Amino acid sequence: MKKKLVSLDEALGPIQSGSTVAIGGSLLRRQPNAAIRALIRLGIKDLTVQTWASTTAVDMLAAAGAIRRYEGIYAGMFGFGLAPNFRRAVQNGEIEVRDFSETAMVARLRAAGQGLPSLPIKTLFGSDIALRNPEQFREYNCPISGEKLLAVQAAYADFTIIHGYVGDEFGNVQWPIVRDSDDVDMMMGAASKRLIVTVEKIVSHDEIKRRPALTYIPGHLVEAIVEVPYGAHPVSTDGFYDEDEAHLERYLQESKTPEGIRAYLDAFAREPASHEDYIAKVGGRAALAALNVKQGADA
Amino acid sequence: MTAELDYTVNELVTALVASEIRDGDLAFVGVGTNGRAFTLAVGIPLVALRLAQMTHAPAASVYWGNLLEPDLSSIPDHLRQDSFTNWHAAASPADVGYKCDMLMRRQFDVSFDSGAQVDAYGNLNITALGDYTKPKVRLVGCLAQPEHFAFVPRPIIMTDLSQRTFVEKVDFVTSVGHARDGRTREDWGLGPGGPSIVVTDKAILDFNSPDRRMRIRSIHSGFTLDDVLGAMSFRPVVPDEIPQTPAPNAEQLRLIREKIDPRRVLLKV
Amino acid sequence: MKKKLVSLDEALGPIQSGSTVAIGGSLLRRQPNAAIRALIRLGIKDLTVQTWASTTAVDMLAAAGAIRRYEGIYAGMFGFGLAPNFRRAVQNGEIEVRDFSETAMVARLRAAGQGLPSLPIKTLFGSDIALRNPEQFREYNCPISGEKLLAVQAAYADFTIIHGYVGDEFGNVQWPIVRDSDDVDMMMGAASKRLIVTVEKIVSHDEIKRRPALTYIPGHLVEAIVEVPYGAHPVSTDGFYDEDEAHLERYLQESKTPEGIRAYLDAFAREPASHEDYIAKVGGRAALAALNVKQGADA
Amino acid sequence: MTAELDYTVNELVTALVASEIRDGDLAFVGVGTNGRAFTLAVGIPLVALRLAQMTHAPAASVYWGNLLEPDLSSIPDHLRQDSFTNWHAAASPADVGYKCDMLMRRQFDVSFDSGAQVDAYGNLNITALGDYTKPKVRLVGCLAQPEHFAFVPRPIIMTDLSQRTFVEKVDFVTSVGHARDGRTREDWGLGPGGPSIVVTDKAILDFNSPDRRMRIRSIHSGFTLDDVLGAMSFRPVVPDEIPQTPAPNAEQLRLIREKIDPRRVLLKV
């Protein structure tokens, strides 16, 4: 096994403007926000992003003008409404949008995970999701049954960024036994070419290898792993801490104007030189500890 | 809602939705949104399913988030992350692919869907208003809603009546209903399905008409046909006789108020 | 939730001769042997069986003359050599064989689990596995990339039989945290139409629902669940007991002649009226307890 | 094996295989079989990988059963089920589909494969001898061996030389090597891959010939060219100069004997 434990900036170093980046997490859970803020600080632009149900990650990147094209199943703020900056950018024609329904996005990720150019679904016949995207959806007839199927293009990304629970220095990432599984991080990891994982905590390999069935991202697939406590803030990491509702409200408040969100990103993404600086900026570890949840016996 | 009625419209439609649930049904309920949208998409469906479980459909169950058969006898009070994380359930598959597969192989019986636009043939739009490439309003995308309409036998649309929402033709067809551009869903290549009923704050509508155009099924007590038609941008099929939406009975109201949602968390607004 | 806890004979009752039956387990692990012996006792014949790496289950059915057609990736006896009765039947032309490589069988199960008629692989070009089976393998070009792909037919079975670890009366089946995952039981369950599960132990639903992430077969998919301790004997259930090497040696010894294996099946499958009788026949619970392994803290 | 040599053929080929392993390699090792077949398919590969880890390739690892990167510093002594169940490893994915996907997307570097028949162009047969539909000998099927030859850059065939095994043309092509029926693997539609070397008890062979026909790469000390050719039913490419298979060094022998397999569990027969 190779040691893959590096700093956040080292991990993100290879990502260039113009790349295609798959971003893990779902809704207000495990968005890799520390990494996203670092990308904004580093000035990365012109990204094609592939996501599941994205909230803060896509919205902050959109606010920073860093997204050229979006591909995903959802971009919003969950219980907090629509994604204000993503919405503004799309309405201004600044982001090219490719929508995918859940079975379509799952097929795309599985195809990439299997080294295939496409996989079929039976879902989107007659939907504008497919009709408006003939490049990535094509009808064909099953070679065996003759049934009409819809091929959807594999989701190959140059880089994949996932925020996980705990991992070891070799990049093996494990989930707790009691968790919220409403995401596709495992298949996004399996579909990756260059996989960067941030985790709440680095643990020993000895701890990992006693329960190999909990490893959902094998280190073999990982290019870099980074310890980033509260790395999903202001959203949650299930089993570790809840979403920071006050901060999210503030984010939405600042997002009402382009000037407001610019100032927000300056303060929280561009000026802090590191994630530690960010944590200090949002009140320090002590303040964030108020968001902590009781870890299950199994966590 | 007039003063002499002893139940709210939310309670009325909750009881109505409960009556649509059959024993053994597996229902797909979404997780998101807030305010009134939350009540429609999550609150009413969860209360209705629990009500059905407690009355005529003990084996009805729900897939919520990625929790299969969460324990509806202990619906969390505040839906922060940790409430979801620790909600007891029969299963929580490794990822959402499992749920997607269950959808494609038609394992669900009922789903609940809301939209910014619904049209006369049950097409739904949750993607964009105006031009798709440079929309007037960019919405959330599509989630699994196209799957619901493609593979679930009885999707239930949950949307308050308004001229802005009920339009002859949606700007963008996220989810295909019963017909689009003169072609039926079967013409497009879809199997059986499409929305079964439309639950609104003034009436229940369905698609039981010869060409599957939306039809008024019943009107809630306190509202007139004109109230309903005035809140729609297209004219649905209007039968000669329109019954009143059945009122919830005392037992249903007692269960909703005392057992299922005593703190009005789910039927708040 | 519906209660689905029944007896083994009730669970297997609907299976008729001529059915297609998918059989779980892999190598010397969780073959649903108690159910297989019951099928032999019930005189079910003319089966099409679909398996992963099968040992005792397919070999006993073959010995009983119950298999018309076999579809799987492996039929042998693992460390004990070739499958003697399956081999004899195939060499006599009594069983029609359709071989599938691992990616092909996985694609077949996933297709059935997704309600699709086929899924593509890139594996078997030029292999006789595909060339000799044009009914279930067809080449086509990816509608999006043009790349050559091979569609493989979905594995739809009338019935699926899986032996699991623990489950509740509603059919929810969970695995222990430390286990041997070298099988496809989860996807075989997901691909099923009518799913019969035998488990080592029935536990309370309360116990199940505290750790929903360990449920690999949701009760919603299950038609019948049966408590069958030592239900995989003479092979193992990982985390519960090891394979019974002495019994397997005896099985192979008896399998040297058709007469020998007929007598074996009479004694161990046809004459015992129930699984309890079988357990008594092989020495009783006390004797089998010698095979038990230490259950992990997580089991 | 002549008496004056101070190492066994198993040790010789183990060291040779170890030298084929590069740092960072992920190797696919099978789990099954017994006796000599076990030594070839499992024993030698595991010892060789551990030897490579301890010498030049510390980051080499193995996928064994459904265990990704099991701890090769503690290979179980007796391979009953519970030894597998509790073997520590980096990962044990929910099912074997994960490994299949890794194969298709070419995540492996090396694999180990044995067969009842190997032919001159590296096609392997582990399915049936004689006619497929009514075979003389029915074998095990195919497992993931076609995947190894389709997607792994450097599969290593592990088979003792014999005229019965090394045939001009296999009865049934389970796994496609470098060419079949006059068509290359690329003609058939496969990407790069196919067996890299053939490790036998008398010689190492490869496919480094113009038309990719099997070629003698080296002969083990103590054996002659005639010994090798006499144990094959087809004539491989015979270079003008054939080197001797490099002998294991003292450190390799010490590690194999004292550290990796002191009780001769893996290199038993």
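By letter and in written order, the chains are A, B, C and D; residue numbering begins at 1 in each of them.
Here is the rule we use: a residue touches a chain if its C-beta (ideal position, glycine included) is under 8 Å from a C-beta of that chain, and two chains touch if they have at least 3 such contacts.
All values reported here derive from a predicted model rather than from experimental measurement.
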Ordered by label, the neighbours common to chain A and chain C are B, D
Find the chain most remote from chain D, comparing centres computed as mean CA coordinates. B
Comparing A-D against C-D, which pair counts more contacting C-beta pairs? C-D
Per the C-alpha means, the centres of chain A and chain B lie apart by a whole-Å value of 29
Between chain B and chain C, tell me the centre distance in angstrom, where each centre is the average of that chain's C-alpha atoms. 40
Residue numbers in chain B touching 2 or more other chains? 67, 92-94, 100, 104, 151
Residue numbers of chain C (touch at least two other chains): 110, 115-116, 122, 139, 178-179, 181, 210, 213
Category of the chain touch graph - line, ring, star, complete, other: other
Listing of all chain pairs that touch each other, if any do: A-B, A-C, A-D, B-C, C-D
Touching chain A in the complex, chain D uses residues 24, 26, 59, 61, 67-69, 71, 88-94, 98, 100-102, 104-107, 151
Flag every residue of chain C that touches chain D in the complex, lowest number first. 26-29, 52-53, 72-76, 78-83, 86-87, 90-93, 96-97, 99-103, 106, 110, 121-129, 131-132, 139, 148, 178-187, 216, 236, 238-239, 242-243, 245, 293, 296
If we count contacts the way the header does, which residues on chain C are in touch with chain B in the complex? 1-2, 110, 112-116, 170, 172, 190, 205, 208-210, 212-213, 215, 218-221
Interfacial residue positions of chain B with respect to chain A in the complex: 31-34, 38, 65-67, 79-82, 84-86, 92-97, 99-100, 103-104, 127-128, 132-147, 150-151, 172-176, 180, 183, 185, 188-191
How about chain A: which of its residues touch chain C in the complex? 115-120, 122, 136, 138-140, 142-145, 147, 149, 151-153, 175, 177-179, 181, 210-211, 213-214, 298
